[in-house]
Structures are given as C-alpha cells and as structure tokens.
Amino acid sequence: MSVLVGDDTRVVVQGITGGEGGFHAEQMIEYGTNVVAGAVPGKGGQEVHGVPVYDTVHEAARREDADASVVFVPPAFAADAMFEALDSPIDLVVAITEGVPTQDMAKVKKRLSEVDTRLIGPNCPGIITPGEAKLGILPGNIFSSGNVGLVSRSGTLTYQVVDNLTSRGIGQTTAIGIGGDPIIGTTFVDALELFEADEETEAIVMCGEIGGEDEEEAANYIAQYMDTPVAGFIAGRTAPPGKRMGHAGAIVSGSGTGTAESKIDALNDAGVPVGDTPEQVTDYVEEYL
Amino acid sequence: MKLHEYQAKDVFADAGIPVPESRLATTVDEVLDAVEEVGFPAAIKAQVHVGGRGKAGGIKIATDEEEAREYADDILGMDLKGFTVDKVLVEAGVDFVDELYVGVTMDRGEGEPVAMVSEQGGVDIEAVAERDPDAIAREHVDPAFGMHPYQARKAVYDAGIDRDVAGDVASVLTTLYDLWEEKDASDVEINPLMVTAEGEIVAADAVMNVDDDALFRHPDLTELREETYEDELERKAGEYGFDYVRLSGNVGIIGNGAGLVMTTLDLVDYYGGSPANFLDIGGGAKAERVTNALDMVFSDENVDAVVFNIFGGITRGDEVAKGINEALEQFDEIPKPVVVRLAGTNAGEGMEILNTDLVEVESTLEDAVQRAVARAEEVAT
Amino acid sequence: MSVLVGDDTRVVVQGITGGEGGFHAEQMIEYGTNVVAGAVPGKGGQEVHGVPVYDTVHEAARREDADASVVFVPPAFAADAMFEALDSPIDLVVAITEGVPTQDMAKVKKRLSEVDTRLIGPNCPGIITPGEAKLGILPGNIFSSGNVGLVSRSGTLTYQVVDNLTSRGIGQTTAIGIGGDPIIGTTFVDALELFEADEETEAIVMCGEIGGEDEEEAANYIAQYMDTPVAGFIAGRTAPPGKRMGHAGAIVSGSGTGTAESKIDALNDAGVPVGDTPEQVTDYVEEYL
Amino acid sequence: MKLHEYQAKDVFADAGIPVPESRLATTVDEVLDAVEEVGFPAAIKAQVHVGGRGKAGGIKIATDEEEAREYADDILGMDLKGFTVDKVLVEAGVDFVDELYVGVTMDRGEGEPVAMVSEQGGVDIEAVAERDPDAIAREHVDPAFGMHPYQARKAVYDAGIDRDVAGDVASVLTTLYDLWEEKDASDVEINPLMVTAEGEIVAADAVMNVDDDALFRHPDLTELREETYEDELERKAGEYGFDYVRLSGNVGIIGNGAGLVMTTLDLVDYYGGSPANFLDIGGGAKAERVTNALDMVFSDENVDAVVFNIFGGITRGDEVAKGINEALEQFDEIPKPVVVRLAGTNAGEGMEILNTDLVEVESTLEDAVQRAVARAEEVAT
C-alpha cells in the first residue's frame, strides 16, 4: 500500500521536450516510474526517452490510459497546463513549476473545487512512493520503502529528514512535497487524511514552516480525526516578521500571524511533538514504531 | 514589487479614481514650484517604501511657503527606517469630513481575493483589524467571475458607509478590484479615501503591490520599478538573484532550498549562535552561483563564520564543491572560517573535490551548525 | 401542499421602488403574498406599500428572515440582481425581467450550478400557489386552488390554459412560468420533478413551445421517472424555420431542431397526450382526475 | 443584430485576425477602382444578410477588368432572397490550399459557449454537422473563466488541423472567443479560414451576430446597424417595436404574448385557415399600440380577416378595446373583418367599451379563430 502513486500509476509528463521536463522524465523513468507519454503542443508524434509525445494531455491520457501528470512547464504557461490536466481524464496532477502567478493559482484553485482531480504543488518537489514511482524532482536514492508517511512544504528539508530516517533504517510509504507557495492544491490536511486512511503508514512526519495557517488547521485535524501518530517540524523559528524567507508562502505577516510559535503550540496541543532539530524528529518517529 | 504612492496614484487616476492634484519633486526648489501650482495647504510626502511614513515624520502639511521650504528641507534626504528619501509628492490638501478605507488583497488562506471596506480609514488598518475586526467589511470574490457589482455595494453597505457616498465608494472599489486583477496586484489599497464636505471622494493615499511572479506580463509596470534596498548587501543579492534576508547576527548561512536554509538559521539559534542572514542559492546551482553566494556573505562585515549547508537534489555536490574552491582559492587568507556540509546528489564526489585546506567539513547538519557557531564565537572574541 | 411557494414564503422584492416592481409588489400583497421586504441599493430605510426597503438583498433576507425574492430590475442590472440573490440566504429567486443578455444568463447559470438556490426565469410571469402566494405578474384572479400542477414557457398561454381549467372547476396546486428565454434557471424537468414529489398534485399540464430541446428532455424524464399523469400542449406548429416567434428561445433552427413535431412525437412516445387546442388539453386533464 | 461581412472583418482585423485586403463599393465604378487596388483575381461579394450568397450568385471571382465590370453590374442591385444588394466587398483573392472552419456560439441546451473547429471549411457547416458530426471538434467553455488557451489548442488538434498551422488557428480561435465575449456576440464564425501554400491563414469570410438584448453596452456596434428588411411591413414592425413575422396566409393575427400568439397561428391552421403573420403586441400594451398593430395588419394586402386575441395579465382589456375602437373609428368602412376575443384582466370593462358595430366578438379562443377563418374565406372568395 501507499498513497496516490505506485507501480500502477501511468504518468504523462507535460513539457517533456523542455530541458527540465526531459531531464526529470529520464530520472523518473530510471527510478522505475511508469512514464507512458509526454504532452507538448505542436510536438505530437515525436518520441522522448522512448516515450510517445502528444499534442494535448487529453490525447495522451486517452491513448496511453494515463492517470497522472507532472507539469514541467514555464511559469507563464503553467496554470494553463494545470487547467488542461484538471479538465482531462487525469486523476492526479503534480505541478513542479516555481513562480506561477498567484492570481493564476487562485483560478486554478477555484477549478479544483469543481473537479475530482487532485493537484499537488505548484513549486513543489513532487511525490514519491519509494521503490515504485516518483513524480517530480526528488532524488530517489535517499528514499527507502517502509512505514512512515512524510508531508512537507519544503523540498530540501524533506530530503534532510528523509536522509535521517533512511540512515536509521526507517523507510517511507510515500513522501509528498506540497510546495512552498501561498496557494497550493494539496494541503497538509489533505495529505494527512490520505496517510490516515493508508493501512501501511504507521507514523507520519509533517514538516511545516512559517506563513499561512495550514499547520494550525492540520493540528486541528489531527486532534479531531487521526489515530496515526504524527511528529512535526517547523522551519523559520528565527524569521523576523515581514520578511519573505525564500518561499512566497513563508512569511510572518506584520500582524503576527503565521509564526512558528503559533504552529508549534497548535501541534503540541494536538499531541504532536515538534522537534527542535531534524534529528529530534527522527527520534520521535523511532519511538512511534 | 511595490509601487510608490505617486506611481500608484497615476495608475488609479488613469482608471478614473479621483486623486488630489499633485507634483513630484526631488529638490526644495521643485517643491516650492509645486506648492505654487497645487496651492496651500499642501502635503509634502516622502516617496519611500516604508509603512507609517506620517508617524515617522515623512509626511507634513505646509500652510505657507515658509513651511513648505522647511518641510521640504527636512524630508528630502532624511533617513526613513533605513531608506533615504530622494523624492517627495507635493499634493493639494483635501478638506475632508470623513476618512474611509478600501482595499483588495489575496486571502491566502482561502485562496480567494477579498475586497475590504471600513469607515475607520486614515489609521493603520491592521490595528483596526485587531482592535475591532467587525469595523472592516470583507467580501470574498470568486476569481473566475471577478467582483460582481453587488459585492462592492454589499461591502460598502456592510461597512456602514453613508448612503450619500455609498454608490461612489462602491464604484471606486469595483475599479480597484478590476485594477487588482488586470495588473496582477497582490494588494491595492486607498487609505484614507477622503470624503469632502461636498460629498466628493478623493484617494488621499494609494498603495499598489504587484506579484513579482506576474511581472512578465506587465512590461509597463516593470518599467516603474525603482530598486531600493535597505543596504548594499540586499542590492547585491538582487543582482545575483538570491533570496536573501539580512539579519543582525554573526553566523553567515548559505544553503539550498528555503525550508532547509530556514532550518539552518533555526539551528544556529538553537545551538546558541546568532544568524547573520538567510541566503538560498536555489535549486541546481552551478559553481559560479556558489562563488557569488560566498562573496555575498564575506561582504557582510558582521559575519564571523559561515556555515554552508547543501542537501543535493537537483543541486550537485561536485558543482557546489567546485564553486567553494573557486571562491576561496582567490584569497591569500580565507576571510572567515567556512564550515561545509554536503549531502545528497553527488555529495561523495563533492567531498573528494573539496579543498579541505580552505574549509572545515562536517557530515551532519547539526554538527556543521555547532561548529560554525563555535568558530564565530572564537572569531568574535 | 404545493410546490416551492405557499403561505409561509417570505418574499423580498428586488427593485420595489421602480414602476414595475412597485406595481406588482402591491398586486402580490393584495393577493395575500407575504412580501416582507424590498431591496434597492441606496433606498434602504424607505418604505413602499408598508414594506421596509433595504440596500442589499442580504440585509433584507437577514433582517426579515426572507426565503424568496422576485427580481423586477432593468435588463442591464438583472443578472447582477440575480447573482446577489443567489449568493444570499434566499432559497428561491424569481426573475421577471425580459431582455437579459444571453451571456449574462450563461454566467448566472454557471453560478446556479454551484449553489442550492433555485432560479425561475428570467423573462417569465412567475409562480403562483392559488390562494396562498404569487411571486410575479400572473393575474391572480383566474387561478383557483386544486390538484393540477402547471408548467409553461409562456405567460399568456398559461393564463389561457388556466382559464380553461378554472372555468371547468379544475383548480391548481401551483403554476410555474419558466420563461421564454434560451437560458433559464428552472427547466421543465426541474418543475416536473417537483410536481411528481408533491402529493397533492394529481395531474400536470405542461405547455411547451418550439425551440431548444427542453420538451424532449422532459418527455424522457416523464417516461423514466413519473407516475403523475401529464397532458401537453406545444405552441408553434406552424412556425417557419429560422424565424424567431417573439420569445428569444422560440425558434426552429435552420437545421430543423426544435420543431413542434419533434416535441409532440417525444411527448406522445412518453405517453403524454398533446392537445391540438388548449380546450383539448383541458379535456385530457379532466379524464385524469 | 447581424453585422455585414465587411463590418465583421473590420472587427476581426482590429483584433489581429488576418483578413484579405478589401474595399467596399456601391457602384460599378467604385468596384473598378477597388479591383485596381486589391489586384486580380478579386472576389466581388454582395453585402446582404442572407446565407448561401455564393450559390445564389452573390459572390463572383473576377480575373480581369472586363469580368469585374460584368460581375459588378450583375451583383449590384440584384435581388438576393428578397434583399436588394446595394453594396459589395471587393477583396483580393486568396490562393489557398486548405479551407477550415472556426466559430464560437452559445450552446443553448447546455447554457454554455461552445468553440468549434473543422477541417471541412468552405461549405455549409450545418450540412457538415448533419452528414459527419465528428468532423467538427467542439469545446465547451466555462463562461466564468473564459476559454483557456489549452481549449483552443485541444479543439484544433481534435479537429485534425495540420500541426504546421495548428498554433495559428488556435490563436485565431482564442481571439474569436474573446471577441465573442467582449462584443456580446451570439455567433462569430470564419468560414472558410483559408490556409495558403505558404502556411499563412486568412479569414476569407466573417460572420458576427450580436445579442440584441446586449446592444445597450455596445454603442459602437449599434452604430453599425443597417436596418434591412425583406419588406415594408417588417420595417414598419421594427419602427413600432413589435415582434412580427410575415407569413404567406390570409388570416391576420394579433395577440399578446409569444406563446399565445403562436397558439393562435396554430389554431388558424388547425381550423383550416392560413396565418398571414405573427404579431405580438407584448405585455401591458396601451391603446396606441393596439391601433398600430391593427394598422400593421391592415397594411398587409394578403390579409382577408383579422383575429384579435388578448388574454390580459398586465395587459388590460379596456385599454385594448379603446385602441381597437380608435383604430377602426377612423375608417368609413372597416377594411377587413376583425374578430375580437378579450379575456383576463378588465375583459368585462373592455367588452362594455368595445364598439361591436365595428368588430365581431367571440368569447373563446377557439370560436374566435374559427370565425376569423370563416370570414377570411368569405372575403377571399
């Protein structure tokens, strides 16, 4: 068992003829991901890394019976690529693109509320079920198969935590990078819900950061609905208000909302221990297993 | 990207929102010419990107030429929260009976735009929001439809705006929303929107911040950009294209990925040190970018030691090591101790390349941070 | 029992300070309709025919606990008035206004799909439950209370049929004028569904006309889901193709869709007798009761 | 409201859609001037609101001046399905290798706009739709969002358009959709959209029909209106503001409300007569409007008898009776027999007022129609 992606996931790569898209398509295929098609307007009929390219996502999905897509499309066209995938027979869309205009994402979010398709990202490293499939840019080699679910707003912080887990022999069911933008498709609550429903996931690591109220909402959700134990980490304890710490979403507003303190308190109140260091998070997980 | 008040007012006025007559001035003489044209009383307003300009002495009302000269002299060249004032807007004073607030922003939590109206304009709206949340009427907008006219009316009537001016305020709010959408703004705001004794409304201030990620479709706005930085280092970071925030400590921090860099800052603090900066070199950085990053941090005289923490995903450890070597080999003496930790993609190759005569190496994040904190303490004392 | 409106319906009149709105508000009140408020921007605080006026529908609905509204607002502002009502706590919106731009209505229809509120119209005479409430411009005096449900795309044709029914002593549960525009809120199928669920409605008259495929869809629905007997009438048997017969929706396209023949055949196939004259329709209804 | 081809092409060209060079001409001399400018071959195209102009002889291609003169002479002044041609568009011939179809319309059944693309342009698209529905790719558009760029591409690729021109065709379709929305069009269409040997695309025809109900927000389009009627009576109806359709029978029909008037037509037919027209006086008609309606029907020389059927809701029977009296009292002799049936609001008052020396009265719709049919038969024979 795993969450959202696995051996049977059939993946379309949107933007497969671009530099990023081509490189990561190859990496995904090498990892064993079932990449069945590319989709690039005007490039239909070509083949990239042994994968047929179609002009539209609809055609790619129809012809190759695909159920997931990964978006490697420049920011100016990324929202349109997401709309295309959301309106197609695809079930899961993973948007890697960084720098998508916020108003574009507000519109995408509105469409998301009207369809059954799930979006992960944008500005995210993607999702991986170790040993089965990776959709995105995560370095496959640090992951190992096991019983811990991981969800994170940050890419490299995810790798750090996964590395700690793996080096102690703790494998992962699935790791989901939900992305660092203010408006994203899959939230912490969505991911936690999936892990809670997954029988194989015995513990969960949730890596949050300053900005927004997603972590607080997650804490609420954990307290109310979850049995699977969760360990947390929150980046940005030392961030000053009003300064954007890299991610568009990582900012403590002038009025003091979005602080690490508020998130840590909320998680602690929900019974979630929050590590001071990534290493400590791994300690908590070890105790759960 | 933030527009200056005078730029935002131009945009608002072009869209039909009434603004006071005004002139931009960069010298005292220009200010005196300007007051002659706009008349007295005249507001002299520093054009800098800081909040609370008024309280900080950046806005003054001159009632005669004498005062105009005095205030112009005071404000031009003054330091306002770290920014030097090099231009002022000279604006006809408005004889108002009421000050309102109207604005549009993105409610990030809801993922939807929200239009706001309040009777309590002219003061810090965030303070109003905390003190008396009900004093601000909020109307969420479906971004696919845009704001329906009734929503503007509803926000205005919900805020308790006088029926005499309600229609005009609603139409300003509609225009603001349309501008917000058309210009890919993150925020637009008029505070205060003044109501005169004659029942006219006038935008006495104007805020417009534009989503940097959307500037590619707004070449006209991009031209308005005036890079202003609180200091030389932020300017440099802008040039290099780094996400950089200067802090007050003495441990310089370089890493890849916002979350991991933030975590490195937090660990510096946790282990008793004090971070000097946030610097994210981003994903897939090549050697040159690494060299630039080290240059940045070395340029900060507050920095006593540096921790360089890379977890490679699309960033390759060998490229990073190459960049570190190149950056350090140009010095006869390494300016500040550098502690390096490489993990992830090609970390092994990186470690082989890395010139360990020039840097100190640790294999875990925790160890690297602790060592940098210790080195900084040594250097500082 | 009745459908959608009755004694307890609390009505807001949008545009009550206008000529049409004022006149028909008075007529509705005289008929016994529970008109509790008017809504006109800038006219809040006034009183019309003893009814308080508010600036917004939301305020009217909140203060007066209203659950229905009738829109008498000029075409240029009618769609906005409908959006306002759809987004308010109102459950039923009846739009009388004729001449609403079609693209405005497409947007309203999209919003309708997102909310639970029901819209009747636009360009319709309204809805009446005889002896209880009328929302719209129907002449109350020709209706009588009874067991026949009536749904029609046309106003005066409705009156004609009702007059026939009433003069033979056949009363009505509720009569719904769904309107003659190409894009409308409540369709024949919607109305039939309501009547089918209404225990008091023992027979139904459905007055269609040329244009569109609503009648064909209704025939399908009747064949599949309905027990209550339906008698039909279709206006426009003699209409030439390509000519708009008054209503924007009443047009047989050049390619021959929307003809009276197709509708009559569909209804007959569904077991619905279609009268050659309004009088014949009444004959059919009489047989049902 | 229908735009002429030349008007629609102006609108399309302003929006950036490529159209052939062309000149409008109203005389043979102007045509000759025009062909000199646009060159040969030149298409001479009647500007009238009828479909199938080509087949009906309204479009001809001149290859030299001789032909241009001949065709100009043929087409200018010709009667095309009831309309007189008073202007032609003279247009540079396009050397095409392929003819496509693109269009946007409202799918009334779905209540949503639909964009359409087909490889089978240049012929009657409704015929294509019936013969081979799959030859037309259809993409429904959410009117709140407008057409996403991917939808244009999808329609184009689904239609099997050549990859070489697909991008250009998609961008024309996007522009068409935006025009459709911006101008409140009911339909916009390019048929054929020609593809040249060089892979350029050109709009060789242009259709744009605008929603009459939305003209209030398009004064620019309203100015383009050229009232053309098949006959004098339709012109008159336009002036009076009646919904009027002329038919070929001899029983004149006046009523209130589209459904009831249609029903009256149907009953005339059912009882063996033949309707001369559809005339809806609308809701709440006053006496003057009634008089105008009678004037309309009396002006139709085909009419042998009139049935006047009113079921009053907001229309009042007394007003109608007053109007009938006024209309008829001006005649020494009533031109055609008029059968009146009044029901509903104030029908009783109306019946009391009605001058029954001038009209015949029936109390039911069925009786009134039968009597009018009988009277028409009498008059006709």
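Letters A, B, C and D name the chains as they come in the text, with residue numbers starting at 1 for each one.
Assume a contact is a pair of C-beta atoms (placed from the backbone, for glycine too) under 8 Å apart; a residue touches a chain by one contact, two chains touch by 3 or more.
Quantities reported herein were computed from a predicted structural model and do not represent experimental measurements.
Asker: Starting from the defined contact criterion, work out which chains touch subunit A and subunit C both, please.
Answerer: A chain counts here if it touches both subunit A and subunit C, which gives B, D.
Asker: Hey, which pair has more contacts between C-betas, C-D or B-C?
Answerer: Spelling it out, more C-beta pairs touch across C-D than across the other pair.
Asker: Need the CA-centroid distance for the pair subunit B / subunit C, whole Å please.
Answerer: Distance between chain centres, rounded to whole Å: 55 Å.
Asker: In whole angstrom, how far does the Cα centroid of subunit A sit from the Cα centroid of subunit B?
Answerer: Taking the average C-alpha coordinate of subunit A and of subunit B, the gap between them is 28 Å.
Asker: What positions in subunit C touch 2 or more of the other chains?
Answerer: Residue numbers touching two or more other chains: 107, 111.
Asker: Listing for subunit B: what residues touch at least two other chains?
Answerer: In subunit B, the residues touching two or more other chains are 142, 144-145.
Asker: Among line, ring, star, complete and other, which best matches the way these chains touch?
Answerer: other
Asker: Taking the top-of-page definition of touch, could you list the pairs of chains it picks out?
Answerer: The complete list of chain pairs in contact reads A-B, A-D, B-C, B-D, C-D.
Asker: Which residues of subunit A touch subunit D in the complex?
Answerer: 41-42, 44-45, 55-59, 77, 80-81, 83-84, 87, 107, 111
Asker: Where on subunit B is subunit D touching in the complex?
Answerer: Subunit B residues touching subunit D: 142, 144-145.
Asker: Using the touch definition from the top, list the residues of subunit B that touch subunit A in their complex.
Answerer: 51, 106, 108-109, 111-113, 126, 129-130, 142-144, 181, 184, 186, 211, 213-214, 216-217, 243, 245, 247, 255-263, 265-270, 275, 278, 280, 283, 311-314, 343-345, 364-366
Asker: Could you please specify the touching residues of subunit B with respect to subunit C in the complex?
Answerer: Touching subunit C from subunit B are residues 145, 148-150, 153-154, 157-158, 163, 166-167.
Asker: Taking the complex as given, what residues does subunit C use to touch subunit D?
Answerer: It comes out as residues 75-76, 99-107, 109-111, 125, 137-139, 141-142, 152-160, 163, 180, 182-183, 207, 209-210, 212-213, 233, 235-240, 243-250, 254-255, 260, 276-279.
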